[in-house]
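Two complexes follow with subunit A in common, the first pairing it with subunit B and the second with subunit C.
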Partner chain A sequence: MKGEVTLTDEQLNEYVEPMPGRPTADLDRIDSAVKQVLEEYPEYDTAIDGALAEEIHRGLDITRRTAGDPGLWHWLAVVRYPDLVRHRWEYRSEEAMREKFLGAGSDLYSNAIHRLWWIAELTSRGDDYSTTDAVFANQTMVNKVFDRWFARYQPAVRAMCDELADEPSRVIDETTRRFNHALTNVQLEGLSENEAREMIRQIVAESQ
Partner chain B sequence: MDQEQIQINEAVEWFFFSGGPGAPRYGDDPTKHAVDHDSEAFVREVLQNANDQGLPNGDPVEVTFRFVTLTGDEKEEFLDGLGWDDRLGERMRAVADTHNGHRYERVVERVNDPDAELRLLVVEDRNTTGLTGSWDEDSNYAALVRDELYSSKQDDTAGGSYGLGKSVLWTFSGASTVVFNSHLTHSVREDDSPRLIARSKFPTHQLPEDDTTYQGAGWLCQPIETDDGPRPESFWGEHASRLAEQLHVERPAVSGTSAMVVEFQDPTRDERPEVEDLAQEFVDASVKYFWPAIYRGDLEITVETPDETLTADVESVPAIRPFVEAYDERTTDAQTLVDPGDVAGLDIPVKLPPRADGTETPDGSVRLSARLASPADNDAYLNNVALFRGAGMVVKYYDQSRVAYGDRNFFGVLAAGEARPEGTPSKSDREIDRFLRFAEPPEHDEWESTENLREQYQRGFRMALDDMFGTLRDGLRHLISKGSNGDSLSDNVLNRFPIHGSGNPRSTTSPADPAFEIDSSSRFNGDAWTISGRIKVLSEEFDGWSADISLTGIGEDGSRYDDIPIDYVEIEQSGVTVSYDDGCAHLVADEHVNEVSFSGRSHSDEAADLVHGDVGATQLEILAELQTPEEDQA
Partner chain C sequence: MTRHSQRHRTTTLPFSYRDKGIDFELDSFTVDDGNQTALELNPAQTEINLASAVSSSDSSDDPDWETITLYGKLRLPEETVQAVFPQDERAQPPAKLYVAIRCHETIYRDRVIISEAPTTPGEYNVTLEVPKSTVRGTVELRPYLVRTESHSGEGSSDYAEQKNFRVASGTLYYVVVDRPDDEERAAIDGERVRFSQNAHLPDGNKLYYLDFRNESRPKLWINSDHPRIAEVLQSRGSVGAEARMRDVILDQVSYGVWVQLLVRAGSAVDAEGDVEHEWQEMVLQTFARNLYDTSDVSEATYRLSDDLSDPQTLPHVIQRIDSELQEYINPREQLIHLMEEGLQI
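This part shows the complex of A and B:
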């Protein structure tokens, strides 16, 4: 986990199996983006996320169902880009690092690469990644929005990201907290993007 | 009342006692304020009264609620029979002028408006005792027609023991007037039936051009002179029959009573519901509270409107069916619930204290059964336990949702006293029935410590109740739990789906013996949380204890937020101090206190809005700590 051991293909092969559904990916594109990031960004720089998210999202031609398979993310993090994971995340504990390599599945915030793809997936609109960039430019937003359950519901995420884009951390913190509390009364999946937006606007207004 | 000052007004056949100068005045009928008065309470009280008066012949008590609406000539004829123009109307106008009389004004308007309908409700019961006895003796008749808050019910299994239930008849009469027509049984005057009399309960009032002060109660009757002064006397036989017909309160010549509520209205509502809607509410309320009696064939209820006749059977209210099944199969040997629809049951032991006169009471048990809920069930009373005894009326639906977990939802039944066995009740069943009857407050909606219990039993009645409910909760947990087969497939499968919380598999080991038994509830009432609870020390020996009470907001994903500050916590017991720190309440109890009940409230948040995150899921947390003698020495 600390990068002190290098695993060989032989050691890994017995754990690797083909993905169902035969997803395809432009790994060359991701390789070069990762290479560039490793050269240009200092270690543990949070800006790495923003620099990579769009490329990873575009490079992996997969459905959300495929993205729900933890094996894909384990392979990307452990086999294909372990250097990237270690470059981005400082080793603080076995448990934390294990999550960056071996998280995924229902927890979209954990695996280092999984989270980049998912956040891009939930915030992009077609070829427009401007919201994705805005979100990664503000780590408070990444933490407060995407580490919550409602982050799995795209209309709410889009509305939340738009409305909070220019707000200070304190407001982001308070708004996401109150929205999460309000969702104990309101069925999240019953909200349209506009309804979610209206709720969030009112909460932002009260949180300022 | 001073007999010399009694006046009779024979001419109008409405008889009112006169209090004379200096007599106490009555602003209103005090019993009106004694119980909740929605139509559910009306149905409950009325049915309970009829149910209690059943004849011991094995036949069911039959009750018909009949709505009659009158307009035009029919209305005129009815008012004529009621003596409206023979000064009843004048009297009601006078009452309307008293400061408590606003409701009467509306009735007077309705009577005088040729387009407005009058609404009558006749409650007709059959195979019941009927209004036997005379004015001057302790009788059915006197209890209903003469007395206030006086019950003549002597039978140990009767539902009521306060005489309060009958007051709902007047409470639901816009004119505070009820007409009784009764066919008697086992009475010297059985052949003179029917027997008819009407009674009104007005505030104390005066008539124009008459400086007499009349007491509120009045009777449409034949006043007679007795040695003790004048008395209202009911109409009998042919005269009663004719008047009954005119007043739409005629009945078949079978034993029982018809009570007619003049201008029926629900005092808790400002609008006048359609008769059809009221009829459905009556059916629902009848089944909700009397399904055990209906199911056992002791009670038959119908509701009639001008257009239709509805029958209150246990099949007609889907929310009740699961309870009926739980009761039907209560004697099952099963003690575990596996599939939805399964019923399992347990005996809950009950130990009663001796009666007040020293008579020992036999130990017995009540029967708890529970049915595992299925998604197909109507869940209006999900995770409730229906409590009832021999009278066959559900005293309350006891919310035990805290016992349920995961998909283990249930419907429970506690069949107590004479409702427990399928055959003849044992001596202990009868004693438990009697005990629980005295444990019911006037509203009959609880089993708790009452003045009546204190009078009827020696010390220990309170503990007997607490123990029964404590064992009930434990028994329910036992029935609902999955049993000892922790390695079952479903458990393993479930643990793979960490849908809620942190995803830790459920612990299959049993926790250490608890030191406290804690009950609590919290409810948001519009601008603040009201909280209440009970903390009981289970340990025998302790030097004192403390508890922290806090309220915490919870997010959709279970994340915890800041505490919601508690404004105050009230405790009635002595020996407990309460302090507040940062919105939490801190209780310190000394070694003499082994149980504390509290109630309290959070600071109010008037801006509270459901969609702004001001108010949402909230957890009431009680952390209690026991100080034991060993710890002191250490």
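This part shows the complex of A and C:
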């Protein structure tokens, strides 16, 4: 995980296999976005996330079913874009770096590329990525919203991200914590987006 | 004295709540435009394995289906409505009834509304569509009854008073739509069934029974006459009291099962040192060498066979088997987990 090793295609081929369903992707589009990021952004700059999330989400023509296959994200991080992973994430420990390359599955916060696609998937509305952009413009929101289980329910996460977009870290912290606590009594999937928004607005007002 | 069964348990919510206040039964399914197929679930069975019904002929490719539709019924009993709504709301309960659909692997949470407010007691038909594009692995289905309006009455109440508060829920079903990649066929089959309703199974309060009517493929029956135990055995979690208790019960069952399998397999060894059935070979391969502390499985198999057939050596080999199984199952580990969970230490 640390240092430099160049792996040949032959060394990698042993571990690479076709994906079920044969999903397609516009890898040229992602290649070019990644190249641009590597040239324009300094190492470990969190703004890299916002610059890439929409391109990665648009470039991968996949369903949630396919996105649930860890192999896809391992291939993208380890084989296709390892330089991007290292450029975005400073080596702090073997465990942390292993997660950025080999995480995936239901943990939204692990694999470096999986994380960008999923946050875009949960916050975009068709071609509108404005909520996705707002989320990545505020790292507190990324951390406090997507590390919680309610973030898996799209109506709630969209309402939360919209309502918190312009709020300071303290309010984001307090609102996500209190909303999560309210879900002890409130059944999450029963909420429409408007109902979630109504609850969140009330909590934001009380948290300011 | 009123006798309270498990279905009447409440949770620790600060208002009246019925954890099992909704009866939820799935009875059939279709795959795409195919015929409707009955599910034929055993009592207390909550895991529905549809992986083989939807699997692709080419195992390396994605299964060839688009939508699974599950059919069933939700019944909201009068007693649940009376328990969770104040008197003035019971005629027209301000509540909606829906089934939450969750899939851990695809970070998916959604719901299918079965009844909008008011939801009165009675039976409701359920049709749940599960598109392949949104799920993989196991899909969870659970019904909820949720308030749709805040209660306008005054003062503190034993009832949930705010809009969107959940007031009742029902059985959580696990629908398996994909077979794990590395799943091998188990050496013996297992099934849950009510012993009291099957003449070939033993009477009394047995927890399990290992059935050798088909010697080539023994079958383990778990007695679902004990719903609380059957429920715990079906729990899927890896943390919490239920999961800890499940692991301890499984250790207990597996000890008894292995003893029987080992004695049967050891007694079935022929003069050439062979056994007839695959499960017997598997059991001997797994245990015989350790029983006799030798790397030669043939030698160990002969010794086990001899020891089991001689009244002089039988007690000693049973002691060896006991010792080996305690090493193999390691019941101590799961017991400590359970104790830590139960005693909070």
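Keep this in mind: the second predicted complex is superposed on the first by the 207 of 208 C-alpha atoms of A that agree within 3 Å, B and C clash if a C-alpha of one lies under 4 Å from a C-alpha of the other, contacts with A are read in each partner's own complex, and residues count from 1 in each chain.
Basically, a contact is a pair of C-beta atoms (placed from the backbone, for glycine too) under 8 Å apart; a residue touches a chain by one contact, two chains touch by 3 or more.
Small disclaimer: the values here were computed from a predicted structure and weren't measured.
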Clash-or-fit label for the pair subunit B, subunit C on subunit A: clash
Subunit B versus subunit C as contact partner of A:Trp118, first or second or both or neither: second
Contacts of A:Thr63 with subunit B and subunit C, given as first, second, both or neither: second
Which superposed partner A:Arg152 touches (first subunit B, second subunit C, both, neither): second
Per-residue contact with subunit A, leading partner among subunit C and subunit B: C
Subunit B versus subunit C as contact partner of A:Gly3, first or second or both or neither: neither
First (subunit B), second (subunit C), both or neither touched by A:Phe179: first
Which of subunit B and subunit C A:Pro20 touches, first, second, both or neither: second
First, second, both or neither for A:Pro168, with subunit B first and subunit C second: neither
Subunit A residues contacted in one complex by subunit B, in the other by subunit C: 106, 184-186, 188, 199
Complex contact set, residues of subunit C against subunit A: 13-15, 60-62, 96, 98, 100-111, 132-137, 144, 146, 160, 162-166
Footprint of subunit C on subunit A - complex, ascending: 18, 20-22, 63-65, 67-69, 105-106, 108, 118, 122, 152-154, 184-191, 195, 199
Residue numbers on subunit B that touch subunit A, as the complex places them: 498, 553-557, 559, 561, 610-617
Complex contacts: residues of subunit A adjacent to subunit B: 106, 148-150, 177-186, 188, 199, 202-203, 206
